[in-house]
């Protein structure tokens, strides 16, 4: 079983800025820990990050019949990209939407998501723990479906 | 460490209706499994369910200085109860908002929550797995704060 | 065949106030007349009133597999209670929404109902005659379905 | 006592289409049954249908001092015709608004009615039984006023 | 002359939390002071608090012909309870709406009140002094009407 | 201690029109009574009225370091003057917003106020008693802050 | 010079109903007086009334190159008929929109007009005097353009 | 009989700017012509213009028991001044709202008026002829009331 | 195969007005050309135009089991007629919505259509070529379905 | 004459997914057929697809003075890309907006387009026939302009 | 060349309050510096401040044919004064709208301006440097137009 | 000190199109002039343009600790890119938002900006002079902070 983790724009800088808020773990650290946790569950985790909407669409398209589940922290694209929404729907791959911060306690425009109603579930606000919760969530989903 | 699980209106009927959708596990089953999982983490889990808004407010008020974290699936009250919101804020106990179904792919009025912006995190859509994910989430939160 | 009549908050005072508007019939009078009319149709009518949202939810939950149809004048809860909506949907018992006054010619907020789109029908504005019309309506519905 | 039944656009086709949904009774059948029911109550029922808004306005104008009550299923005109509203108000004849289907569980634009706030009552959703309920409702109204 | 003071949900905790903001006076202290002030004006003050909407409705219903004026700090119910609104209107007892904090400088949803347009007056923002101002206000109102 | 009472447009006519509604007391009467009440509390009350927005702004600017508290019945300017709002904020003088009538039971546009969220408190609906309640309110505020 | 007066739905009943409000003059009386006033200004006035939107459109279409100005009291069609708007624009005949009552002090939906922004002017609220004012207005317009 | 003509901000410049649009007549010319026309109807016309909202309010207040009717072209204040609205209502003097241009075919914000719903009538769009039409309208109104 | 072309209000004047914009072809010319093009595809084209909403509804009702596809340029009725929408849905005949001009670059209210979501397709903006494109479109649709 | 066909994100997968809905034709098949059809009309068709908004903007910029007309199925970018809108306007090349599905019968957010009001025409809902209709439409447009 | 600087309400207090935020420069200091900077560009700068909307309108009217450009920091009037908007448009003098603070990061109501769409440009947020930038901007504008 | 100038989509074509509106200066010309002006102030100006949102995000990320201030004309991305907003906030580099045209006098959707509330200032409408004003503005800002 193979799962794809997608991180959207600006998430490549995790850990290098505002460590007092987001902690000192870089995206690389997070990806490594998550990969290890996946392996313990006999899951192959592929990690992908891009600041380019088109590259994320390309990546989702390329995942069909290779990937069984997607974890996506689309960052700013959550609120603006119908294109990623369409790619996810078109791929028919179940996905979990996750956010590090609680998007409901920030600016008004972050409350609207083009992904949520099509996600199997949403996890938001647990800091970098959101990643492992999301991975756990999709594993449980795939085991039951 | 003691954690309180609150289930709101109509959740007492879990497992007895529409088993093809929600599965055959009753609320009692869920609470037992969750309690066991909590014990493995040296956590004392208290479970509470009510169809009465006032009783939930009373319960939250009584939890101060006894409870370190709250998991709340407020059901319909999520979208209508400022009273529970105020009780949670007043208690200063960190809480996780959870939902069995994906509330963002249902009726329009279920997209508004009086709890979310004050929750440490939200988990929605993972079926009854939302409960264990939420418990895991609050444990991780309490360990880091 | 057994039908349940639910009256929501403040309807217990029918007939005791503003008789020039609502007439002199008390809720008790209405319930008796309706029960008699039901019996003539070989229907067992159970009557229930509460000012407490939670009690109405409890009552609906307890009606499953006992009651074949519900008449509900939810009063103020019509416009505020998603909890009663969920209980009614969960019970799968067909229900008629009724109102004594014409709710569409009153305050703006009374035009929104959390029940209507799930009701088999709505009757509003016929004074206390709304009760017998509603009973007649659900009988006809149950005979045809 | 004379009562007028007005059916608006497309209701002339009742019974000839989608019998699995609306039943096999034609508008003619409904009008006959309703006329018989009216006669049993010593009421003279006049039936009128038109696809033309102007003809309905003409008919209402002609009813003054001849008709004591109006039953109107204005169909699509419910949501678009201020002209019929004005004719009804101008006639000072009490009227009941009725609908075969539950207009609150259909398209958003069917939730607005130009008639409702001026009707003595509304009945919606009981299939063709809505007609007899409406007739019963206006009879009760006229007896009490 | 008898006046009823109603306090809604979470107000039972006044003085026990955040004393730096709300002061150290408990609800009991406030009620005692207010009762004394009332007695000086030959008024019998009855005090009532509940976290349950239904109990507040019951209390208002029971006040008819016993109570000449109501002071109500409905807390969260201010913004959600049409049921309490209906009970107050139905009782025909003049009432003053009061709030400890300035509800207009808090969350957007606290700006809407189901009570205000039917109150004789509103007092908001004076801390616990809002109670004595409200009592003074209703006394002046009752003396002039 | 010196307090300023500001009355906005059209309030100079109090008592001369519609005495059956507003009573026979003129603005002059009100100001005299209030001044006397203030003196009993060792407060110097200055009274000011204008139909000109600019003059009210000038007056507030001139009050800095002279006046300790402001009572303002801004009348129509309540809903239209950001300029007075800015002057009040800029002055850093605590102020109470007051209204003779209940502004929440009048036209829709009177529900919006440019002052309220910056006021220490609001008093509305007590007739001319609103003035003395407001004065009492600001005295209590100044004593506690 | 020839001017066309168009009256929309329900205006044929002027003078026969509610004479205490609208006066005793019938539409026929008004048309005769207006025709006389027109003749004094060497204007040929044609009068037309219909309850049918389509007939009004037909009439406007037939007026091209025959009529120099239109007075239209479209009644209810003012707020619902884009078809009449299009006919008027297409005809390129200057027109005055008139209303007997003040449409801005009635129901909310009467504040929107599909005609106003294309009219040379609007006259509303002067009772039946609105007709002669409108005729006077279009004469002045035609003399100056 | 005495009538007051009020012109609001920027209307003092009529005739001096954009004569190709508004014509070459100055406000002075208009006032003189209108005065003559008034005299022919045995009416004393007083003319007043101000760019200051407060002065217009003062003027209206001073008109009570001297003036029988007001013609007001409030210009920009039409859309922003609740203060003038209150002065007009308080004066109980019937008034006509008039505009030179068609305010409904200009910017969106010019469609809202704080005066219209309280005016006896509105005249808009007839160029400077709007003044004489308005005068004619109020004369007819005063003759009939 | 028989196809019906419906043209709504004011389209009977095509070609006779503003030829510099819409060209010199009359509706008759267009209908003839379209009929010829239809014949080349072995299709019988029936043409119908009316300024009366009711007549269009009648026509659609009469088309059932005679007509296989409808082309409709409903003109102004596009934005106001739920009655035509209902007739089209009720007829179960597939239809194409067409417009000569680009309705999305005109007045705001022309952006809403009561037909579009039920049409098999929409064509807008190609001048009179919209007719032949629509005919081509429905032929292709009928060949594939 | 040279025409450019632009396909936006996710349209590269046409024909490879959900063939029961979209048919088995791939984007390549469609482009080939369309090219052949273009050649029959002596038109050189260039085909371009990208999942990257920026690449589409680049392509449009590069088309100036080379391309006479654009067919664009912008997919998800239709509703989110002001950048493509600006590029199209800046290029001054006439364009047709096309969609395979009927965008008006899908999610609410697909009803808004940043392109439509600047397109010469729109074609939506004809399946892959939308492409040939659009090509036909722009050819007719270019022949007439 | 002569340029007019207009400062609206409360800006006369610049530098005397909250120097830690706005700096210690008074309006007088700013005007002097700006005048010097203007002189270096051979421009005569006139400075004007008022808390009275009417005085600002008067001033703009008096500037016609004397002033070539206006810099206006209308303060609170930016968001409420259509009267100043009309005066500026009527004067045909090009103007720059400027603000000391960033009005887009303050209260919601400060985002709407009645001036902006008619200004040649807007400068907001640069502290008192906004003044010199605005002066520089209008000089550049006047040199190029 | 180093400052980065970012130009968004379609701005690479400045000067090559519509020279009668935007002038004949190309983006290259503007960048050169601005660079020279920067050098006179001892500032190193780096210029960057892209039609690709992702590239602009990359560029901003790469600027941290190299660049002291950013001038950004994000063009269409101003209104659609939360991604660029997040990059700018994350970078903690102060930035000025600038526009060549007055974005407040164009389409409605151009009035919303995802950048403005986080910018130190905004400059809009001065043609290509907006660039030098923005540079001047940020220099003044950096000197004072």
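Letters A, B, C, D, E, F, G, H, I, J, K and L name the chains as they come in the text, with residue numbers starting at 1 for each one.
Going forward, contacts are C-beta pairs under 8 Å (C-beta built on N, C-alpha and C of every residue); 3 or more make two chains touch, one makes a residue touch a chain.
The structure presented is a predicted model; accordingly, all values stated were derived computationally and were not measured.
A.B. asks: Would you mind naming the chains that touch chain A and likewise touch chain F?
C.D. replies: Per touch definition, common to chain A and chain F: zero chains.
A.B. asks: Hopping along touching chains only, can you work out the least number of steps from chain G to chain H?
C.D. replies: So the least number of steps between the two chains is 1.
A.B. asks: Since chain F and chain H are copies that touch, is their contact same (over half of the numbers shared) or different (under half)?
C.D. replies: Here the answer is different, because the shared fraction of interface numbers falls below one half.
A.B. asks: Provide the C-alpha centroid distance between chain G and chain I, rounded to the nearest whole angstrom.
C.D. replies: 31
A.B. asks: Using CA atom averages as chain centres, what separation in Å is found between chain K and chain L?
C.D. replies: Distance between chain centres: 24 Å.
A.B. asks: Quick one: chain G and chain L, Cα centre-to-centre, how many Å?
C.D. replies: Roughly 55 Å, centre to centre.
A.B. asks: Report, in whole Å, the distance between the mean C-alpha point of chain A and the mean C-alpha point of chain C.
C.D. replies: Centre separation, chain A to chain C: 47 Å.
A.B. asks: On chain A, where are the residues touching two or more other chains?
C.D. replies: Residues 52-55, 80 of chain A touch two or more partner chains.
A.B. asks: Using the touch rule from the top of the page, what pairs of chains touch, sorted by label?
C.D. replies: Pairs satisfying the touch definition: A-B, A-J, A-L, B-C, B-E, C-D, C-E, D-G, D-I, E-F, F-H, F-K, G-H, G-I, H-K, I-J, J-L, K-L.
A.B. asks: Can you check the complex and tell me which residues of chain H touch chain F?
C.D. replies: Interface residues on chain H, with respect to chain F: 52-55, 57-58, 61, 80-83, 85-87, 90, 92, 114.
A.B. asks: Considering the complex alone, what residue numbers of chain H touch chain G?
C.D. replies: These residues of chain H touch chain G: 102, 104-105, 113, 116-127, 129-130, 132-133, 136-137, 140-141, 144.
A.B. asks: Along chain L, where are the residues that touch chain J in the complex?
C.D. replies: It comes out as residues 8-10, 12-13, 17, 50-55, 75-77, 79-80, 109-110.
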